[in-house]
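Structure below; questions to follow.
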Amino acid sequence: MSLLSVSDLTVKFAMRDQTVTALHDISFDLAKGERLGIVGESGAGKSITGFSLMNLLSKPGYIDSGKILFEGQDIAGMNDAQMRGIRGNKMAMIFQDPMVTLNPVLTIGQQMVETLQAHRKLSRDEAEQIAIVKLREVYIPSPEERLNQYPHELSGGMRQRIIIAMALLLNPQLIIADEPTTALDVTIQADIMELLLELCQSNKVGLILITHDLGVVSQMTERTLVMYAGRIVEAGRTREIINDPQHPYTQGLINALPQQTLPGHRLKQIPGNMPSLTSIPVGCPFSPRCSYAVDHCRTTRPEPISYGTVRVACHEVNRLHNDTPDQEKQA
Amino acid sequence: MSDMTTSTEPTLMRRIWDSNMAYSFRRNPVAVVSLLIFAVIALSAILAPLIAPFDPYDPAQIDIMNSEYPPVWVDGSESQFMLGTDDQGRDLWSTILYGTRLSLLIGLCAVTLQAFLGISIGLIAGYVGGRLDSLLMRLADIQLSFSTLMVAIIFLAITQAMFGSDTFNRFAVYFLIAVIGIAEWPQYARTVRATVLAEKKKEYVDSARVLGFGPMRIMVRHILPNSLSPIFVISTVQVANAIISEASLSFLGLGMPPSQPSLGSLISSGFDYIFSGSWWITAIPGIVLVVLVLVINLLGDWMRDVLNPKLYKG
Amino acid sequence: MSEAKTNPPLLELRGLEKRFELDKGFLETLRFKGGRITRERRQVHAVNSVSMTAEKGEVLCVVGESGCGKSTVARLVAGLLTPSAGEIHYDGERIDNRTRKAMMPLRSKMQMIFQNPYASLNPRMTIWQSLVEPVRHHNPQMSKGEVRDRVSDVMRSVGVDPSWSKRYPHEFSGGQRQRIAIARALTVDPEFIIADEPISALDVSIQAQVLNLMLEAREERGLTYLFITHDLSVVQHFGTRVAVLYLGAICELADTQTLFSNPKHPYTRALLSAVPQLKDDRPNHIRLKGEIPTPINLPKGCPFHSRCAYARDQCRMEQPKAVHQPDGSLVACHAVEEDWPRD
């Protein structure tokens, strides 16, 4: 049985004179200990996916339909009290900005002990011992002293380590990390990512990594979902998606990176902008920006189909592939 | 909500109707009712010479024999005086219309003066910064540590003594506007300075500096238009405050003379008769004053909620 | 270097320094220490003795992590800040001590593009007003028709749709706004552009659009860029020369190709290895110990010594000088200078 199984998840937002759909029929599975990347640009719905998985959507957003099965239980239908047993306990979330995730008026120790005691019957001393062990796991020097420090006394990288330690406190089965290093510097980001990967592997924790950085996804995950305008456009093994992307959007995203072009030459840009939620085009949402789009892309919405080992939501994926020079997979 | 998809340019009215502000206004019954009441009061005040059956400034229309008639729903009333008459025999309904007009006029002009002083000082203090900023803000602190009424009472009492009551009465409107206007500028200056400090850090200001624009242009053309929201909010509250200040000063006998009735001086002149049974001379203008100030404050509250950038996310 | 004497570089920074006072008022400088009140000023050393030049037509990139002073360098050059010490020369003339009036002719030659497209346009002005304002200001003698032509030309060349004119900035996405901001900078027909992280707030596919636009503008107008960024892959693509900044000081200054093929300073190496590559399937970088120290009351010696794996006593005592290497790069590191064993 998979750890997490999402099927046909649809999330809507009630705006003042209309309801917009932020996520359309999102479906994916995550095995125990598996690491999944969710890639997309801002507005693609990747953060909303993360929030929905934690059942943390706040008004005006709501889960319209679909199931989120976590260890066989449907999270989508749970109330707050039921969710509290899962959130933080079996599932933990790491947010983007380490500067605001920690409560500034409580010490690190108070926050960690509080989290532990909310879920387990532990004495203060026991809880502190666990906290110290966890802080040591994320390579925080002299953890005993850190317990008495306030968040503002620590640097950004240190805070993000502490947030990871807090996420791991109750030995969760799944960590959802929403752009965990975007607010950090490059050298610190690399350290944090390595730490996160190491912890997930050694503790057999599942990871959902939400990011816009394909390089990070490549380093960290086994499988990847590429999202565009609230839909999954391509899903499959990370290596295959990066080395041989099928969907025109994924291709565009990879080709737009400066590393993919000779220095000084024009980058291969994707024209246009991500549509806003209120004006998603009919047909394939990517069709206005897609150079392969034909008439029926603009009228009919493509359903995800299996192509090789990946699933792609594109009408023209066969033609696309035949256009490429190596034609080993003739239909 | 972007209107990028609409091909035709929407008309100005349409844009206003579609704006977030208009939307939240339509959704807020308190604001709608307040605006309606305010509009009725303001319109009748502006149109007082047309609406009012009598002119309280025309001695020929005032007959002392008509004094202290009660409103029509009380026994012993005279049907031509709908709300009764005051101690001098003036029709109360007409007098209230004229009085509200004067109160509103003083309130608005005083706030305009406050705004002019406060915005200029706040802009300069916030934009230039440094010593000048400290100096101006300490000045504002000193000014704020005296209550408005105290400053006004001292100022008006001295001017009254200096010019004598006749001259004072003739120019009472201007004195009141000046004293209320000058006493409250720090409110504006502080708010404007705070917004300017926030706006000054934004990149469009840097961009204007890199383009070589002068400080005047940057302050007036770039920073000021972006600091208007809080100015609107305090303006409504300040108008209400100014009307109250005027009423209080008139009530204390330092404002409008009884011959030029404002709401405050009406309440004041009726006060002497309240125990002799002529309650209406004080009560009716009092109700008008309370309602007027209340609706302005309610509108101000609504506006603050809408324009508060922390609550409002476009 | 020798022929540069006859033809001065377009931009030259000489020993540029910028310190910010942390304690502004007199009372804030007072400290209570060991039973007595002492006066002590804390300063942030944002930029320390930075010297570099940009030739005409070059793209000089300044890279570094947050707090390294790269944005301060940009703002100093743009004249938004005045240096605490050092000189800035533009086209052979000193510009850092000029009054606003004396700077005016330069303002149309030197323009800046900012990081945050959501804040760099005045939200209360329509796109057209924003674009026309600088042209009018710098060319008061121009007729209305000429102004309109100039602005329309620029709009066309950077892909700003004429139908956007009457709209306000909030109606546009980040990429579109950055396009408009670039158009605004180009309306005064500059020759030198300071770009402070112009693409870091944008999405990947939009970054490519904006970078292409800047490349085109460079080719068409012969622009010179001072490009501030933290993104090394952009530097590799876009820059002709790179200066790596750490705690306000230059660690390494080299041609892009030289720097990427043969980085010498330990910090440059760490920085390069930390960029996640598509081909990696696990994090693969040189680990640095510790974190960036604060630039308040800088330690003496090499600014990088607290995180450097090769640091010796000398590094803790003595600040390394920038030394020319055989391949033309400039490196400030004792280990490189004296060729200590590394790797």
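Going in written order, the chains are labelled A, B and C, and every chain counts its residues from 1.
The rule we apply is simple: a residue touches a chain if its C-beta (ideal position, glycine included) is under 8 Å from a C-beta of that chain, and two chains touch if they have at least 3 such contacts.
Everything numeric here is computed off the predicted structure, so don't read it as measured data.
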Identify the chain pair with more contacting C-beta pairs: B-C or A-C.
A-C
Farthest chain relative to chain A (centres taken as mean CA coordinates)
B
Averaging C-alpha coordinates per chain, one finds the centres of chain A and chain B separated by a number of Å equal to 54
Whole-Å gap between the CA centroids of chain B and chain C
50
So what's the Cα centroid distance for chain A and chain C, whole Å?
32
Touching two or more other chains, which residues of chain B qualify?
2, 4
Where in chain A do residues touch two or more of the other chains?
none
Note which residues of chain C are touching chain A in the complex, please.
65-66, 173, 175-176, 203-209, 211-212, 215-216, 230, 232-234, 236-238, 256-257, 270-271, 273-285, 287-288, 291-292
Under the touch definition given earlier, write down the residues of chain A that touch chain C in their complex.
41-42, 155, 157-158, 185-191, 193-194, 197, 212-216, 218-220, 238-239, 242, 252-254, 256-259, 261, 263-264, 266-271, 273-274
Which residues of chain B touch chain C in their complex?
2-4, 9, 202-204, 206-214, 217, 221-222, 225-226, 314
Per the touch rule, the chain C residues reaching chain B in their complex are 75, 78-80, 100, 103-104, 107-108, 110-112, 114-116, 119-125, 133-134, 137-138, 166, 170-171, 181, 184, 188
